[in-house]
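In what follows, structures are represented as structure tokens.
One chain, chain A, links the two complexes that follow: it is found with chain B in the first and with chain C in the second.
Right after this comes the complex of A and B.
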């Protein structure tokens, strides 16, 4: 990157300019609306993995992944620059890292890579063995697995960590083996990418504020026959939107909902969850009509199924 | 009565995501709640308002309880089950007061916690069931036509007030609120709510039908022969067919 040749002040100025340009060029909502859900879901995970962990492996899915990555590249540079002057971070500081917060995730990855370069496998083992992961959010423990999965054969404690995650997932009400189900659903994806997907899905269930792609996570849960988690995802996140006064964002969720990929349960959940505020959601009537048409086409429009939801 | 089952006749495990539970735990004292499970592979949970600030979630159900299979599509019942999950999560720690308040808008849209307001002073076991279905946009009964409390209802409301007075920790303000409601607030009887669930169809049940089927449910619980007084008028049959209330 040419900007690293600049003096520190010049670098900051350029980073700001570039970040602003990238922000103006890139409308995440446009991308969200124009990209299919499946692609969106895969690309966001892949782009994060690509940026942080394996720069040489670029996402095969092309332009959209680059678009997602572009605004954050500059953030990464800014963090790298800031990281020179700030005190080193500890593993515990990443307890609250969100797989949906690309910026924080990058910082997390950078930190772990630094750790990796100066620590032996033995140190990694100690870290995994002696950190109190039970007090961590489940999504963060899955992220730890994702970061270290390429070294799993060298880190005996990795398997213990995996089992710990499975147990913690049960406490969230996910009783089937989420990792196994994801592997069956996406056999072509790497283990790293699947773990990132799992972390993002769990994030939508676990985080006490609405995540940007909770509806994608709900559809993903539904496709894995985790209907309870799928519905919890929709109801909880819609509630968080209302609690935080994010009516516009909720309307945007309704507008971007991929009804063609969703099954009947998620469709009914979004209609039910938004029914109390339907007057404030301009896009809801269109969604209702689309869902009605889709269910009719699929032969699933049972008599009385949509009563009270218009 | 075809949707009302005793557990010996049909196991509760056969429920379609949600069942309205009705039983007579004490002489002439009925109790109701909701048994639910979102996923058929999971065990059912019994969610019920047992008493003042005593919402319970149990994984067992006494054999004396009967269950009603609500006349609602299974996919909608799955939503009710998910809402039960959400309500249980939000209200098991911050408890629901017991009083004769309205089941309409009982739960906060933003938090799903019970919302205390001018008409939402608290719930009974029966109005709790109504409030949960209300939250799922499936109103079980027409509240407007519901009968005023009769002498038996008023007697029951007074006995609740007395019990609340004897319950430690109930605030004076709450006692005063309940006192004002005695004789003036509608009483949704457990058997009428269960009856409304069994006959709802596409529109909320009218009081006269809920009352008729409720009477049959009581007779059924007491081991008597149902009177089968429930008959829809032609007009109501027509309205139900087109889903018009």
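Right after this comes the complex of A and C.
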């Protein structure tokens, strides 16, 4: 391979000659014939555990996140990791972890940290190099970066992957500089917690079912002056709630809405998004009164601002 | 589906050189190339960008393998992760594999960087033909004219042979064509015309679309 700058044609010819596609016979039954009975059993159990986790996460029902975070599932995952001592850890499993349940996620992080052999710098280098992050949701990649952020100085690819996430968020129209904005907004927070926060915010926009704290994410986006993403959070998730018939959950969202921290755009968005089912939402009239009072107190209650939203 | 690559001795040496590049500088380079507003189209320009972050020696060692990997990813329709994994397997010793692991993530992101993809695509499309010209030359001969007895040279004829060596999917081929002076003059004329046409259409496209455009095979110096 001589300098390509001088001979691009030579390089093309060389690649044609040297690179060969190995169409290996990828028979899914091959492993069965070549693996000992005990190992086959373990492999099947592994598949079931993983499939179980993914299936429940993929479910379109609103309780998917709760199921993933349930002790049963976490125990299964933990058991599965313990049983994988001879196999290198792949990151594909992380795709299913929702950042929404912070407690469950932290348990998972703690568990991984206990697995010293899975968390050496060498292992992280391999994981970050050979995992196809392009096929992952951005939130899952951010979660991986959150887990490994304490070793970032020893893993040069870490900041490259962070930059990649930043680019992906830009291309999704979510935020141009989410990580920097969060750092400026919350200077006292650790990078780990900022990344978890970012993952939760992105989760509220990426996930196709309503996330539990989407209104918090909306407020967080709004505080970063990212009004478009804030409004998308509210409207999309409220629509998912309505689509999935989660009126009770929507009422709970309305009840828990931190109106004192929200700005006018998010306030109007939540009132607008819930207007079609206002008769079914017991907490909405209280929220309306609170919003009206807050806006008046802030001097932002312009004439006609809340018309038609009561 | 896994891919296999078989780098030769020189290529392996280049890959080994890459594993010795400071990973932190390499990370700076990857971010720099990912953030380029106008990625270059020509390999020479790309090399200049790489040299802004790495030494000349490192830059020249890095670019060819990265472009090769990017081409392999394109031509085999593989993911960049599969390609860097395939190159890992090309190293025999565990120590070399471990050294590769340290930069593999950076190389993988580099392969996917728009700057690399654009140059690779331009290079591949430039030569994406069934037959590629490898060499063309004109051999000029003098053919003597003998008398009937074959002992006295009475005159001579100068002849030209256009020799073309080309590469196709089934290997190298040669072609020889006898041409006369008019053919040579016509060829010269056509070559000059082709160069003019290439420059004109490139400039017009660039000006009207504000997009970069290259003539297949041109280097940075030709483009200035």
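Just so we're on the same page, the second predicted complex is superposed on the first by the 201 of 310 C-alpha atoms of A that agree within 3 Å, B and C clash if a C-alpha of one lies under 4 Å from a C-alpha of the other, contacts with A are read in each partner's own complex, and residues count from 1 in each chain.
Here is the rule we use: a contact is a pair of C-beta atoms (placed from the backbone, for glycine too) under 8 Å apart; a residue touches a chain by one contact, two chains touch by 3 or more.
Keep in mind that what you see is a predicted model, and the values were worked out from it rather than measured.
K.L.:
For A:129, using the defined touch cut-off, is the partner it touches chain B, chain C, both, or neither? Pick first, second, both or neither.
P.N.:
second
K.L.:
What is the contact status of A:157 with respect to chain B (first) and chain C (second): first, second, both, or neither?
P.N.:
Once the two structures are laid over each other on A, A:157 reaches chain C alone.
K.L.:
With the two structures laid over each other on chain A, which partner does A:270 touch: chain B (first), chain C (second), both, or neither?
P.N.:
neither
K.L.:
Considering only the touch criterion stated at the top, classify A:236 as touching first (chain B), second (chain C), both, or neither.
P.N.:
After superposing on A, A:236 lies in contact with chain B but is clear of chain C.
K.L.:
Per the contact definition in the header, classify A:167: touching chain B only (first), chain C only (second), both, or neither.
P.N.:
In the superposed model, A:167 contacts chain C only, not chain B.
K.L.:
Looking at chain A, which partner touches more of its residues: chain C or chain B?
P.N.:
Of chain B and chain C, C contacts more residues of chain A.
K.L.:
Report for A:228: first if it touches chain B alone, second if chain C alone, otherwise both or neither.
P.N.:
First partner only, chain B.
K.L.:
Touch test for A:202: chain B only (first), chain C only (second), both, or neither?
P.N.:
neither
K.L.:
So in the complex, which bits of chain C are touching chain A?
P.N.:
Result: residues 1-8, 10-11, 14, 23-24, 26-27, 30-31, 34-35, 43-44, 46-47, 60, 63-65, 67-68, 71-72, 75-76, 79, 81, 84-85, 88, 98, 101-102, 104-109, 112, 123-124, 126-127, 132, 134, 167, 217, 219 of chain C touch chain A.
K.L.:
Would you tell me which residues of chain A are touching chain C in their complex?
P.N.:
Within the complex, chain A contacts chain C at residues 1-6, 8-9, 11-16, 18-24, 26, 122, 125-126, 128-132, 134, 155-157, 159-161, 163-164, 167.
K.L.:
Quick one: in the complex, what on chain B touches chain A?
P.N.:
That would be residues 38-39, 41-42, 72-73, 75-76, 78-79, 82-83, 85-86, 109-112, 136-139, 201-203, 243 of chain B.
K.L.:
What residues of chain A sit close enough to touch chain B in their complex?
P.N.:
175, 227-228, 231-232, 235-236, 239, 242-243, 264-265, 268-269, 272, 275-277, 302-305, 307-309
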